[in-house]
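The structures considered in this document are given below.
The two complexes that follow have subunit A in common; it is paired with subunit B in the first and with subunit C in the second.
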Partner chain A sequence: MSAVQSAITTAEQQHRIYKAFDWVVIPIVILVITGAFHIHAMLTMGDWDFWIDWKDRRWWVTVTPISLIFFPAALHYLLWTNFRLPFGATLSCSVLLIGEWANRTANFVGWAYFPLNMVVPAEIIPMALCLDAILLISRSLTITGIIGSMVWGVIFYPSNWALIAPYHVPIEYNGVMMSVADLIGYNYVRTGTPEYIRIIEEGTLRTFGEDVTPVSAFFAGFISVFMYFIWLGIGAWFAKTTWAKRI
Partner chain B sequence: MSTPSVEMGGDVSKSLVGWKRITVIILSVTVVMAAWRIYQQLFAWDMGMDSFEPEFQTYWMDLLYAQWIIEFTLAAVIWGYILKTRDKDVFNITPQEELRRYFTLLAYLVCYVFIVYWAASFFAEQDASWHQVTVRDTDFTPSHIVLFYGTMPAYILAGVAAFLYARTRLPQFAENISIPFVIAVVGPFMILPNVGLNEWGHTFWFMEELFTAPLHWGFVVLGWTALALGGLLIQIILRLIALTKLDDEVLVTEDMNDDGSSY
Partner chain C sequence: MLNIKKTILMLIAFMIACITLYAAPAIAHGEKSQAAYLRMRTLLWYDVDVSTVKLKVNEELTMTGKFYWFYDWPNNIAKPEVAFLNIGIPGPVFVRKASYINGVSGTNSTRFDIGETYEFKVILKARRPARVHMHALMNVKEAGPLIGPGRWVEVTGNQADFINEVTTLTGETIDLETYGLANAVKWHIFWGVIAAAYLLYWIFQGPILIPRYKKVKLLGDNADDMISTTDRMVGLVMLIGTFVVVTWSYFNAYKEYPVTIPLQSGQITIPALPDAARGVNAEVIDAKYRVPGRALEFSLKVTNNTNSPIKLGEYTAANIRWMNPEVSTAEPADSHDPVAVAGLTYEGGSVMPGETKLLKVTCTDAAWETYRLAKLIYDPDSRFGGLVFFFDEEGNRSVVAIGGPLIPVFI
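Right, the complex of A and B next:
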């Protein structure tokens, strides 16, 4: 193919075209990440995110950070290596939360009539900010993967302390001790009710006292490190600009 | 060199975004999605709980049939129009015309990803809220009729239209097939056939409604393919850089593997 001729002659035209491109491409990026990341999130960790009585010390703390680091890692590759933009995690987590809040209010509350405080999504922005900040400071995807991903997993639970604290207050109800979250869950019967489909606090965890949550958090961080590198590779694969004569 | 097939007048850098068409796209899609959502609000709980009732057939199955007829008709008309009006001299257009066509392609992509948002985010998670309060007795629930048979065919329609537009109007895409474009369209498209697996599983196991069940992970993997839009956008950007290069411009590149020691 012959050399491409330019369509313009002045720097002003060039600047105007670049701005026009930004106006169109930014909504495209935001919308596609919202859709793709949200369907990934809801089908890999959604149940823990939907319900306040699923936000436990074992599964929620472990599953959520591991599942959610996929897209930030892929976007780190795409946006950092190609454009030197260090906000892949914050961007993806922000638009995921917008998608989740739009759905929870319009559909979980507005259609299925669950109370809003039962279906509030988990707080994930602090983890994303840390991951992006470590990339920005280190300028290294490797350091971000090792340190940032561990921080990502470890701070998930503390980021949500303020959100879940009122619901973990113990109460006695008809002679049974439970949390406020449990009581809300029992009162709003779902198709999976009773307990068998609520995946929380399993195994011998309850005999381990107070160190359960930190152990779950560090385990989440540990796996998040591996997932970050795997998804850097997958992000690199999806960012390939391959052309083919035929498929 | 032969005469370019399309000569353009005026300053090509002006009005490239096409705010009018973008507004029409956003408003049109929003109106359709809002109509679906309002219909659900009005008729899902009263007429959509029991598929064996005659009301269900009237309010929900008839909606499903109407959707299918409209979708097939629109696909035939839109895809047929794009193919019928293809540029038969696509390798001989001016750089200005090619630039304009790239922004038209971006408008197609806005339409595509906006519908993807409604399908994969809004109506997909809405399906969870429905199944948390009702036990299904049909594959065609009020949430599925909108999600699987409404919004998903809609984004397939837009995605394939975008691909066909590029293939018939843009020299680079006409000469070769963009693999990331194929992945970004075919991957989400395959979510629709994956509904077959989903429904098969739901008629096999009672699992109302563990949304994270492995049965649903086909949707997850196919949803990842939307990331290939990143590769497509880079292809578009590389071409736009070439189309907007100034005569005296020196392209500045950065060593992406720098260790920061120069700072």
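Right, the complex of A and C next:
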């Protein structure tokens, strides 16, 4: 007879312990993901997401989906292979937006006094919902990577057009035509962010006229497919359970 | 026993408190931090002034002045092929209603020529109450910010009274402070609710971590069976619903805003002002910096091709002015305006029309130390630069750029 006896003797107790485990672990995981994903987002898409006058139809459309698929992909691996939970993308994008709104209201508005409409973050939930839904329906990370990631990149711009269209209405200002977003960027002085520092569409001889957005969106989707699989691998590396085999 | 929910709530409250803690504002812009030779040989500002230093929210202030792109531009600094006239303030205390360079709107980035002079005007509208040290500023691509003279400006009133209205080309009058915000927030809330509902659908299925982990390991290759038909139906509805809402919102936005344009990114070139030297030539023959006396001493060969005798009235570099009160006077505009009111003396008197003369100039002031210009002798490129101002008897001014090697004198 063993000298050590389990404290859990009934199914009800076990249920309570499992629930308590969820209560402890889930908030910690959420905080970690919020912080890590937010830092990642600021370092990779940074100004494109910070400022309304950076949300153009070429670079913003390309950079944002590609850089943002990292965490959803890694979490897909962790949550799907270990728990069969298909909400890695929705979870990571939701907490990222919570972090971004906290940052924009406390930092950009509260401390630096920029108007909130100048620093509204991009809408990324629809992309996340599609990625998770495709995983849920297909039950395959491979299909999710190929189809879901393409959808992820392609619907980014249409999902955001409802938010940013008002800022693309033209204005005549001091003899120059600008969009409302350009004017907001010009009006509200940013000492360290001069006009030229914006990396936005300038037009090239190789651009298909005004059809910049669809090309950028499909390119973003195409690259997102590769990024998804790379980050599945990184997720697999981080999700090793060798240290927790006794659970 | 530890109350987990209470602990989590306390942690969240602590986090929010940390985030919202007051951060002390910056009250300087690093005007002394850059290497002295860079401050003296890049962009030289002069005649910078503000229309008022006290104003209320919604009132306007105009900053005017001139800047000269030094002829002996340091090789290691990118040339002003792309530059932007800016204002150095801590956040948008003001909104920039207009900016002009030689009368041309400065909304776009601009190309400038080395060795040329431009004048500028910036019209600012006070937005929030604050006392700030405001600088003229030029951002140069690949180089960085070149900061001009600063002024203390105080804004009083209430930020809530501030309005920033413009009329679009479609005829709508909008307030840029709040325009489009309600719409953006509405969409974020809408999608946030959907996301929360989806997450809660899974989380409310009971303890989800340990039981599901064990089940996945137990079922092995059949773990996909944990996803029920209902779950997949939820996924299908969510996928189709997302497509429908995104498509509808996209076309609805086009219906609401039928006229839209892409972000504008053009750049312009602005012709320079006529030569401010007005026929006066000046060349540095030799220059010394006397460390014990905190004095710049240089010999200047001046040729006067104007019709009047001229005298040297001022030397300026790195936003500091050394005045010769016998010819030209100036007082500091405020506590942080470095003006050596009697800092310049010279031997040689007037330079007559058609005459070439050697002037021995001395510029003395503690500003050499306090503004870290004396560090020039320890810079990797110990050449100085600046502008000298000559005045004729009628007060007409000739502005000439000078520069050259600087030899320190330690004893």
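Following the convention adopted for this analysis, the second predicted complex is superposed on the first by the 226 of 247 C-alpha atoms of A that agree within 3 Å, B and C clash if a C-alpha of one lies under 4 Å from a C-alpha of the other, contacts with A are read in each partner's own complex, and residues count from 1 in each chain.
Criterion: contacts are C-beta pairs under 8 Å (C-beta built on N, C-alpha and C of every residue); 3 or more make two chains touch, one makes a residue touch a chain.
Being a predicted model, the structure only gives us computed values, none of them experimental.
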Fit-or-clash call for subunit B and subunit C when the two complexes are aligned on subunit A: clash
Which superposed partner A:Val180 touches (first subunit B, second subunit C, both, neither): second
Subunit A: partner with more touched residues, subunit B or subunit C: C
Partner chain(s) touched by A:Glu201 [first = subunit B, second = subunit C, both, neither]: second
Contacts of A:Ala239 with subunit B and subunit C, given as first, second, both or neither: first
Contacts of A:Ala74 with subunit B and subunit C, given as first, second, both or neither: first
Partner chain(s) touched by A:Phe226 [first = subunit B, second = subunit C, both, neither]: neither
Partner chain in contact with A:Met42 - subunit B first, subunit C second, else both or neither: first
Subunit B versus subunit C as contact partner of A:Arg139, first or second or both or neither: both
First (subunit B), second (subunit C), both or neither touched by A:Ile8: first
Subunit B versus subunit C as contact partner of A:Ala128, first or second or both or neither: second
Clash with subunit B (superposed arrangement) - responsible stretch of subunit C out of 39-47, 219-227 or 381-389: 219-227
Intersection of subunit A interface sets (partners subunit B, subunit C): 18, 20-21, 23-25, 27, 81-82, 84, 102, 106, 110-112, 114, 139, 190-192, 197, 247
Complex contacts: residues of subunit B adjacent to subunit A: 11-14, 16-17, 22, 37, 40-41, 44, 94-96, 98-99, 103, 106-107, 109-110, 113-114, 116-117, 119-122, 124-126, 128-135, 171-172, 175-180, 182-183, 207-212, 216-217, 219-220, 223-231, 233-235, 237-240, 242-247, 254, 256, 258-260
Residues on subunit C engaged by subunit A in the complex (per definition of touch): 4-5, 8, 19-20, 23, 29, 82-84, 86-98, 105, 107-109, 124, 127-128, 137, 139, 141, 145, 159, 164, 166-170, 172, 174, 176-181, 183-185, 187-188, 191-192, 194-196, 198-199, 202-203, 206-213, 215-216, 223-224, 226-227, 231-232, 234-236, 238-239, 242-243, 245-247, 249-250, 252-254, 256-257, 259-265, 267
Subunit C-touching residues of subunit A, taken from the complex the two chains share: 15, 18-27, 53-57, 81-87, 90-91, 93-94, 97, 101-102, 106, 110-117, 120-121, 123, 125-126, 128-130, 132-137, 139, 155, 158-159, 161-163, 165-184, 186-192, 194-198, 200-202, 210, 212, 247
For the subunit A and subunit B complex, residues of the former touching the latter: 1, 4-14, 16-18, 20-21, 23-25, 27-29, 31-32, 34-36, 38-40, 42-48, 50, 63, 70-71, 74, 78, 81-82, 84, 99-100, 102-104, 106-108, 110-112, 114, 139-140, 190-192, 197, 199, 234-235, 238-247
